[in-house]
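Order as written gives the chain letters A, B and C; numbering starts at 1 within each chain.
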Amino acid sequence: MSNLVFKSASDLVELLQKGEVSSVQLTQAFLDRIEKLNPAINAFLHVSAEGALATAAEVDRRRAAGENLPELAGLPIAVKDNLTTVDAPTTAGSKILEGWVPQYDATVVSLLRAQLMPILGKTNMDEFAMGSSTENSAFGPTGNPWALDRIPGGSGGGSAAAVGAFLAPLAIGSDTGGSIRYPASMTGTVGVKPTYGAVSRYGLIALGSSLDQIGPVSRTVLDGALLQDVIAGHDKHDSTSLPATLGSMTEAAKNGDLKGVRVGVIKQLQGEGFQAGVQARFDEAIDLLTAAGAQIVEVDCPSFEHAIAAYYLILPAEASSNLAKFDSVRFGLRVTPDGNPTIERVMAATREAGFGPEVKRRIIMGTFALSSGSYDAYYGSAQKIRTLIQRDFAKAFELADVLVSPTAPTTAFKIGEKNEDPLAMYLNDIATIPANLAGIPGISLPIGTADEDGLPVGIQFLAPAMQDARLYQVGAALESILVNKWGKDMAHFAQAGTMAAPASEAN
Amino acid sequence: MSEITPDLVRHLAGLARIDVTDAEVSRFTEQLSLIVDSMASIKAAVQGDVPATSHPIPMSNVFREDVVEPSLSQQEALSGAPDSADGRFRVHAILDEE
Amino acid sequence: MAKAELMDYAKALEMFEVVIGLEVHVELNTKTKMFCGCANEFGSEPNTNVCPICLGLPGSLPAVNKRAVESAISIGLALGCDIAPTGRFARKNYFYPDLAKNFQTSQYDEPIAFDGSIDVEVPSGNSYTVNIERAHMEEDAGKLTHVGGSTGRIQGAEYSLVDYNRAGVPLIEIVTKPVYGTGSEAPELAAAYVRTIREIVKALNVSDARMERGNVRCDANVSLRLHGAEKLGTRTETKNVNSLRSIERTVRYEIQRQAAILAKGGTITQETRHWHEDKGITSSGRPKSDADDYRYFPEPDLVPVQPSHDLIETLRAALPEKPADRRKRLQAEWSFADLEFRDVVNAGLLDQIEEAVAAGSSPQAARKWYTGEIARLANAEDKDISELAVTPAHVAELQTLVDSGKLNDRLAREVLTYVLAGEGTPGAIVAARGLEVVNDDGALIAAIDAALASQPDVIDAIREGRMQAAGAVIGAVMKAMKGSADAARVRELLIQKANQ
């Protein structure tokens, strides 16, 4: 019955609801696969076998007793390690939080528990979500299920790899500059960054407070919709959370349609700087959209030229302030130098030992951007670029219902290939960053593999703020067209024997 | 000609309470110079009357009623503390005057 | 600490013009903290009124206390301020163990209230207009206790303990514009200003305003410049001066200290200083340095505050009477002469007398007690009247006992000392100690006879109209009765005897 792990979340939900499979059975299947494969892929930092099975058992008991259960009850899920969980350590991929068990659950985690979803464990990530390859984790990189010596993307490489390697049917990620969408593109999975404020950030270890958003990681668009419907909603603990819900994403995903949809191709996000194989799959996808009745237009967003600069000023600035709380006093690592150190010395030594180089670099950068004398030229200017980016999007959305671009400029590169050059690493996010600056939602879904390396390519759709449903509607439609065209789903492009390839049904 | 100098990097690291080695200072100076230079264009790009956006989705007046909610217990509060005594967090001597 | 040289005060004012600026922090009396639902309570067990938010745990987010915002607006209105159509919170970034997030959520360039003014009266009767720069919302830090070392202060401590119960308690910071033209009355104005702020926030019922509990804290900025100079001199800031008397003394001290330096051709270091009540001096703290680069930026976790016109007008309509108006009313109600009333105001006794009157005392009696015996006793112990254990209700009760003849003045004063010692209410003390005036004429006559036995000439003297002679006998009787006789009655009886 280990073939269960290859089924989509929506299929598994049906089996669970029909009683054809028990939650314990299902949870155990994933736990077994995790035990077997995680050592090599390092997607999970912590596995909560006991807790997951206990929840699963409770679901089975209550279902047998004929109780009405939440929609996704009994369906296991993985959670990125920057969301607080009271029953598992929460490290945000950092030594400074190694072993820290939080005193409270993140709101999203509470929602998952209310759904009675067994939480399989916490997934690996770039330290404090700073990075796009998961190589910045203090606990080792995560491999790409398609090729373990390649990056799975970041910062949420663990969640994407877990889902891509069938270690979990669904996962929770967070996206600040592309940390859900970029790994989705690298691993041939689906990832969504909802509108800023659609999902509560309470309990999400903050990186860039005005940019962070929690979202679903899945293998199909419908699966992502099911999850977003569970985790989205107003939270009184998060003052930036939207007052009203955005409607049913599930309904939108079930009603995928491209007829008459105006699709805006972003001039600045294609062509030069994009890998040939990526551009090729993207162009084909555009043709498919046209064939399905969509209207393709070109939109011009000149301020995107400054998006990376603005992002890498705003983000480090907010992060430098958000990470000040890691000071050895109330939680986390404490390093005490010899002699009679003062608290200032203890703080400085702790942060030196506890933070990795990328984190230190960004904190220093952020401190610079905010310091008196620099504020106007840097942070202040960056916040104005943000306004220009919002204006460009507003203009573009007058001409188009959704915008489109390749999610990433390249396919998955090798682990170690780019980490000496932070600037080069920053360019990975060129297509994903604008959405975070503007607060609008975006989705990445797989559109095939690149000819030159056989690795996944992703397409990104963007919608106006609050119009997340459009992403699921358009995404589901395209996904359906592609699966029909291929005669199989994306995972079947993976080489046999890799973790991304579903084992043969004959097992 | 970059504004980022080793002295500045040391000063910033001090403000941020992070010890840095000499090797780190040189590495950061070089990397941050590159990064900051690449950003030189943005100040020019926002000439004119462009307002800043600090919140991507405009909202205002989000408040909480002045009603007491359950607190953590003292034990829970201290549960992550590297060191505590008498129900309080314990830290090494503070250099500055209060 | 070497003792600084001080110039004679009058000379300092001759040479220099004084400019002061005051920052007052008011702790609100909301039920919960500024950004979380923990109780805003004094005296709880350490770290029991804390939660992920005020402890600064990773992932926590602030949520703004509506009542705190309304209190801030009320304070702003009472200070004659404009209320900002859009106010924003900002982060003030610095590291300190009592600051859970190592930034304080405060307000920077978009405070909730700005540009106000209030009139402040000083003991001489002069009135000054103090312009208010701004009033803004922020949160308090936790409490540090320094252990080891000899003084319990930070220097020499081995380690420190942190209690975050106070962290996150709402504060309103009120900043004045520089105050000019106060001449020699700068110290008095500073104290009177803070007293006025206290009156305002108490009348608004937004703060308990108890300075001894840190509900109202003052930072005093002082600078000097030559008369007629345009540029402001370098200022020092003396932080956390926590009683009205200390404020006055601090300002006076700084004027004298700075004048001495400037007169010698020296320069003032721009720095934070600390007032030492025991030694009566200010001492140097940290010099202002780059470390004070607070890197303010708009708080991304909170959205702007845009008070509606309706809300502002509702709060405005609910403002209590202005302190100046209240004073006029009370002076009229109590029928005090100008000098009498000013004494009361200068001594900060308005509330007490008002309460004593409410408890049944006559205004004059209350005034006599407070400005007389109670003030004397406070001075003797070098304390503020507010620190003594006697309440306005006690005073009213005491006066009632005197009025009813149960106590005479001397006994009443004795009872007062027992009240101050914490023995209870006047009535209880009189009963427990049996201190009533002796009204028994028989006992009095017996005492008079005993006194006359050793002073027989007094009767003749009285008969001859030399009434002063009575004094010796009355004195002797009072002594014998240990003061519990009513001197007037003794005199009456003595005269009756003489006329028999």
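The definition used in the following text is that contacts are C-beta pairs under 8 Å (C-beta built on N, C-alpha and C of every residue); 3 or more make two chains touch, one makes a residue touch a chain.
Treat the numbers as computed from the prediction; the structure is a model and nothing was measured.
Asker: Could you compare the number of C-beta pairs in contact for A-B with that for B-C and name the larger?
Answerer: A-B
Asker: What's the chain with its C-alpha centre farthest out from chain B?
Answerer: Farthest from chain B by mean C-alpha position: C.
Asker: When you take the mean of every protein CA atom shown, which chain's own CA mean is nearest to it?
Answerer: B
Asker: What is the distance in Å between the mean C-alpha positions of chain A and chain C?
Answerer: 57
Asker: Need the CA-centroid distance for the pair chain A / chain B, whole Å please.
Answerer: 24
Asker: So, what's the distance in Å between the C-alpha centres of chain C and chain B?
Answerer: Roughly 38 Å, centre to centre.
Asker: Could you list the positions in chain C whose residues touch two or more of the other chains?
Answerer: As it turns out, chain C has residues touching two or more other chains at 52, 55, 57, 63-64, 95, 97, 160, 162, 293, 295, 297, 300, 302-303.
Asker: What positions in chain A touch 2 or more of the other chains?
Answerer: 100, 102-103, 210, 236, 239-240, 320, 324, 327, 329-331, 343-344, 347, 367, 371
Asker: On chain B, where are the residues touching two or more other chains?
Answerer: 15, 17, 54-55, 59, 62, 64, 72, 77, 80, 89, 91-94, 96
Asker: Using the touch definition from the top, list the residues of chain C that touch chain B in their complex.
Answerer: Residues in contact with chain B: 30-32, 36-39, 45-52, 55, 57, 63-69, 86, 88, 95-97, 144-146, 148, 154-155, 157-164, 274, 285-286, 290-291, 293, 295, 297-298, 300, 302-306.
Asker: Tell me, which parts of chain C touch chain A in their complex?
Answerer: Against chain A, the touching part of chain C is residues 52, 55-64, 91, 93, 95, 97, 100-103, 160, 162, 293, 295-297, 300-303.
Asker: Note which residues of chain B are touching chain C in the complex, please.
Answerer: 11, 14-15, 17, 54-55, 59-74, 77-78, 80, 85-94, 96-98
Asker: Please output the residues of chain A touching chain B within their complex, sorted ascending.
Answerer: Contact set of chain A toward chain B: 100-103, 195-197, 210-211, 236, 239-240, 242-243, 303, 305-306, 309-310, 312-313, 320, 324, 327-334, 336, 340-349, 351-352, 355, 357, 360-361, 363-365, 367-368, 371, 374, 377-378, 380-388, 390, 422-423, 437-439, 465.
Asker: If we count contacts the way the header does, which residues on chain A are in touch with chain C in the complex?
Answerer: Contact set of chain A toward chain C: 82-84, 90, 92, 97, 100, 102-104, 106, 201-206, 208-210, 236-240, 317-318, 320-321, 324-327, 329-331, 343-344, 347, 367, 370-372, 375, 379.
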